[in-house]
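Naming follows writing order (A, B, C and D), and every chain is counted from residue 1.
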Amino acid sequence: MTTTIDDQEILLETGAMDWQQMGEGVGIKVLRVSEETGQWTALIRMAAGSTFAAHKHLGAADGMVLEGCLEYRVGTAPAGSYLFEPLGAVHEATTCSTDTLLYFNVYGPIAFHDDAGEVTQILTHETALAMQQGSKEHFTADRSKPAA
Amino acid sequence: MTTTIDDQEILLETGAMDWQQMGEGVGIKVLRVSEETGQWTALIRMAAGSTFAAHKHLGAADGMVLEGCLEYRVGTAPAGSYLFEPLGAVHEATTCSTDTLLYFNVYGPIAFHDDAGEVTQILTHETALAMQQGSKEHFTADRSKPAA
Amino acid sequence: MTTTIDDQEILLETGAMDWQQMGEGVGIKVLRVSEETGQWTALIRMAAGSTFAAHKHLGAADGMVLEGCLEYRVGTAPAGSYLFEPLGAVHEATTCSTDTLLYFNVYGPIAFHDDAGEVTQILTHETALAMQQGSKEHFTADRSKPAA
Amino acid sequence: MTTTIDDQEILLETGAMDWQQMGEGVGIKVLRVSEETGQWTALIRMAAGSTFAAHKHLGAADGMVLEGCLEYRVGTAPAGSYLFEPLGAVHEATTCSTDTLLYFNVYGPIAFHDDAGEVTQILTHETALAMQQGSKEHFTADRSKPAA
């Protein structure tokens, strides 16, 4: 499934990888995580009706909608759409009315917050690493605490 | 076709964009170029039988094969493959035996060289900017010369 | 004091800039903030006996000790020391027993936490921007809340 | 001289390091090179009367003048000056009329060119790595050729 040449070169057949559950109706395949810069790359699939919670970008993100359609603050993004979400962008909940597949590069932490604007958790490269390794506990680490 | 919100937010319907010719049988749609970091993002299509010349990565690149199949030094990458090409990677000519569509992020210059190993041109973010603007002369600037 | 040529070129005489108070005995001159990548650069001075609170790096940082001496988890860093603090590093409180001057590049957010490991605030590029503009309120924004 | 904790943490006493010759009257101590991003950090000293050849930045650079004075296209930068040199900047020869010490972060390749604008060599992170290792041949590799 994975061929690594010259130490750093990566070729992944993503179809052969398992989906990790990221949230209700949201699955993820983490393709690469840089432990140096924190940048990570993933395929994300959202089932019709699923939601990606309100969040703020503490780093930019960009990617393509490969299948389905994403509805978010900027507009409606059908398959074939390219998205760039800048550092500092605050996005209300993102929804899909149809099954949707996304390819994304994420360049920094993403902070999720509740309706009162209080941060509830921070998705960092460490979360991405844990999801890459298939850990069940991957998405419960709150607010980037140092290890106990 | 393009919606920009909050100055920096980007949503592009790539299907509505025109292909620029990058080489014999190779077309490109440049989706974003950072004039600060030099990072750029593009869709690249290669007709069956076309070739991407031998090159060296002066910055990393990553992306997905969306359609077709890419044949390069690391192996055969069918649709659904994720590729990471590290800084410093030297790639012999890349070919396709079928029509192929790629989505790529490029993090630094790419130096093309002839059989003798002599650099013939450097593809920089300035080349990407010119291709984004549809210039006919985009790919003739050699070796990142300062403007005359 | 500032000369900007060709839009982006920067030359600052830092001696002519005012110190902003960052904390008890800690002053800062923010030299540049990238609103695209979140990277920022600053001179930081710490009075003898002052402390930089326990924190976790959500991005790497590097720099030089220009005067004095920094005492932190890795060791004692006198003037002339180069420091690289990787993404994910958790640093206990950093102290100085003599007046100390640092030049730093910061590549991502820094999360401060209390003794229980609870995050109390996140220093982001927005904090750096506010400090650059001399705002009195710069360092009170907690946990990167979206604007009310 | 060097203490590395937790694999990635770096603390260097730069005063104990040897200068490498980079050019006539120009010495360098390379402090860190990222083999992932190509970013590198160095102290550079220029003897009075020495010159840094005309070049184009294929990545940005920033730093401080720690001692002496730098004269370049943007202006005169005495000790205490902060400089940011953006991606794409073309700099005519930089000179010093007094002994000068610089601390710099370099974010991409630097292309040197002759009076006719022809590129004569490209300083990449590989050049920086070679200089870090003290190689005598460090600065002769031209135009980022692939290894023979």
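Here are a few things to note about the model shown:
Simple rule for what comes next: a contact is a pair of C-beta atoms (placed from the backbone, for glycine too) under 8 Å apart; a residue touches a chain by one contact, two chains touch by 3 or more.
Remember, predicted model here, so these are calculated numbers, not experimental data.
Note on connectivity: the fewest steps through touching chains from chain A to chain C is 1.
Most remote from chain A, judged by the distance between CA-atom centroids, is D. Between the Cα centres of chain A and chain D there is a gap of 37 Å.
For the pair chain C and chain D, the distance between mean C-alpha positions equals 24 Å. Inter-chain spacing, taken between the CA centroids of chain B and chain D, is 28 Å. Multi-chain contact residues of chain C (touching two or more other chains): 8, 36-37, 86. Judged by the touch criterion defined above, the protein chains are all mutually in contact, each touching every other. In the complex of the two chains, the chain B residues touching chain C come out as 8, 34, 36-37. Against chain B, in their complex, chain D makes its touches with residues 35-38, 54, 56, 58-60, 86-88, 90, 107-109, 111, 113, 117-119, 122, 124-126, 143-148. Taken together, the chain B residues at the contact with chain A in this complex read 3, 5-15, 31-32, 41, 62, 64, 66, 73-75, 77-78, 80-86, 89, 103, 105.
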